């Protein structure tokens, strides 16, 4: 953990933009939490036209869902949300109005990485 | 929010069926919660044969996962589940026996849309 | 429920390996919980090169996310995590160092399968 899943319309991102976004997401998570980059996972999914709808109509919106350990304080979580939203717009040119960012908290005891259960946050 | 992700076997849905499902999911969420359609996100993912298994065997089932704000009462959540399940069967012809619908609740403070943190439900 | 979603680099899994993984995931969930195999859902998603990053660099890691009913005791959840992690390595040859397994708990009242709300665990 964390695992960030990015969903965006096919054609919005090219290879070098994905590399830049992955580096920035990793940096933002590190800056907010101190988690070493080697634990930060980022995945990208392209949605072809006609597979994403807002208000029942085809839409070019993007979504970033982050799965993080339970127990970060509100300021940390909202810093991540804000930094991700602003960075995405800066890197991709897509306006923030077309972006939805969510964090999902999971107790560390529900995650195993490299064969070991994840340690809980000390401020749990 | 909300974000509904629909997973179905490749070939089950065509373009016009996806349009109809997106409109119906948006309407069902609005009818149950009063949320304006412009906040309702719907994504579709096709699973090729051999990528979905039930009981360890390839299966033509579909799954709808909805990410919603934490704090809806039980009646509202179960109305959404029931309406989605029945509507899916009506629109696609796929029997309810082959459909799994789940809701996932997330505190509003963990979501940013269009650059703003989502407001909590007043009955939180 | 449960729903297991497996994300792996394109080319790691072939058709027969997916069949074997689906059977093993189903067995592991049954052994730990007693849930009949006909309720165990497994999906596979291939990620092309350049769509998965760790530490900001393209990575061949895999992720297994399991959505389960809320209320399993810690020993049961960690048995599932451990068994999945070791089985994945045995079946695919991918080292555990490249695998992340997480469980996500959802109250039974938030899931409808085959038109019926899922029963809560008796030890809830």
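Brief remarks follow.
Think of it as A, B and C in the order they're written, each chain with its own count starting at 1.
Please note the rule applied: contacts are C-beta pairs under 8 Å (C-beta built on N, C-alpha and C of every residue); 3 or more make two chains touch, one makes a residue touch a chain.
A quick note: this is a predicted structure, and the numbers were derived from the prediction, not measured.
Arrangement of the chains shown, judged by which pairs touch: all-to-all, with no pair of chains left without contact. Least-squares overlay of CA atoms from chain A onto chain B yields a rotation of 120° to the nearest 5. Between chain B and chain C, the centres computed from C-alpha atoms are 21 Å apart. For chain A, the set of residues touching two or more other chains reads 104. Of all the residues in chain A, the ones that touch chain C in their complex are 1, 3, 15, 18-19, 22-23, 25-27, 36-38, 40-45, 67, 104, 106, 109-115, 117.
Chain B contributes residues 7, 47, 50-59, 61, 63, 65, 74, 77-78, 81-82, 84-86, 96-105 to its touches with chain C in the complex.
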